[in-house]
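This report refers to the structure that appears directly beneath it.
Per-chain residue numbering starts at 1, and chain names A, B and C are given in the order in which the chains are listed.
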Amino acid sequence: MNDQKKVSIIVFSGDLDKLLAAFFIATGAAAAGQQVTMFFTFWGLKLIQQTTVKPRGLNWLKKLFGLMLKPGPDRRALSKMNFLGAGPVLLKQLMRQSKIPSLAELMQTAKSLGVKFVACSTSMEIMGVTRQSLIPEVEQVAGVTTFLVEAQVSSLNLFI
Amino acid sequence: MNDQKKVSIIVFSGDLDKLLAAFFIATGAAAAGQQVTMFFTFWGLKLIQQTTVKPRGLNWLKKLFGLMLKPGPDRRALSKMNFLGAGPVLLKQLMRQSKIPSLAELMQTAKSLGVKFVACSTSMEIMGVTRQSLIPEVEQVAGVTTFLVEAQVSSLNLFI
Amino acid sequence: MNDQKKVSIIVFSGDLDKLLAAFFIATGAAAAGQQVTMFFTFWGLKLIQQTTVKPRGLNWLKKLFGLMLKPGPDRRALSKMNFLGAGPVLLKQLMRQSKIPSLAELMQTAKSLGVKFVACSTSMEIMGVTRQSLIPEVEQVAGVTTFLVEAQVSSLNLFI
């Protein structure tokens, strides 16, 4: 009998503030011994894309969409008060002052605690994101059906 | 004994990207045999309003609020990168290329799979939305209490 | 044996429309006899800060971040259609016309129905929000671990 609590988070947003919230919850739950799955979809995909891979061989529409948002944890905007990037700089500075881990550090902590990263296959198809362009920390590429199986056995589900 | 899994989604957003996420989850769950209720509130109400009904007999405040956002699935903005409507055009084009169903098609699929559409009565009152101006696919107009009864027996609850 | 249903809401947003949604659900659930906890984090912290307290003794970065958003229920923006504050004025007017309680009234109702207000300690630290600057209705300051204990025994969890 497996009594381990499960947490399932849909990471839809690509905004720094919401991603931080998602990872504070994910790492907190994993540290408490819970099994956490993060399902990255739509704007959230940006976080788990490699920063060094150039879009190649895609049609211009997908390329355009890919260029509009930068990949990786370091260039995320705020959902509010972004001020052309001044908001995130300010927030990161405040977090450093309080010795709060950065988004990149939270991602590493999440992985070391066994949080599972799943990329949404439908979003990848729409946006022209290939498996190779994702960071190696992503364990699985899956559709909504796979996510739903996970979600239905989770005692905590969040859409962020 | 009824072991059917239930899913309950509060559709608060009126943005194309979030509505697509809501309907991918709803249709995916319904296709897997789960009983899905979508509770449309606030900006989400816009999706289930008829596009042909003109606001009539309302006071000018409600009329103004009604005019600010167009009803129906075809004129939804993106929560990010909207670019005065260029973003949604681009996204729809990408979805067509990948043969992903449109929001309007997903709504039809949801209905044919038995997903239940409920409109939030409080939001309707505030915004001056009448029962007659809603699309016929809406089964029920209900308040938060009715929603909560549904939510408490659902194994998956999301606020989108 | 305690069969009371529990509801746990993460109030991440500081927007009027989303805060109203959170409080309609919270008061509705509490009125139906459910035990409700609201966990205020990030922008949501603004709602539970006193309006009369001036930031003092903070470094300029925290002061700047604190000044960017006004505290309290009366000065919240809309997530959409804010129009430099005209949107919220219009919405509040519409709510008064329909005799829907205001956000400040909903907060009072929530308290009188026993809804528990918890402030996120990590967000407070980052933003330089002190315990003294919070409204007295806040019962507890706690981190994500405390929230997770609550969330895991709740039958309804929402991230708003």
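Everything below uses one rule, namely that a contact is a pair of C-beta atoms (placed from the backbone, for glycine too) under 8 Å apart; a residue touches a chain by one contact, two chains touch by 3 or more.
The shown structure was predicted, so the numbers you read here are calculated from the model rather than taken from an experiment.
Annotation, chain A versus chain B: rotation angle of 120 degrees from the Cα superposition, expressed as a multiple of 5. Homomeric contact chain B/chain C is classed as different-residue, with under half of its interface positions used by both copies.
Averaging C-alpha coordinates per chain places the centre of chain B 25 Å away from that of chain C.
In chain B, the residues touching two or more other chains are 157-159. Within the complex formed with chain C, the chain B residues making contact are 10, 12, 14, 41-43, 59, 61-62, 64-65, 68-69, 122, 125-128, 143-145, 147-148, 151-152, 157-159. Those residues of chain A that touch chain C in the complex are listed here as 5, 17-18, 20-21, 24-25, 28-29, 31-32, 34, 80-81, 90-91, 93-95, 97-98, 100, 155-160.
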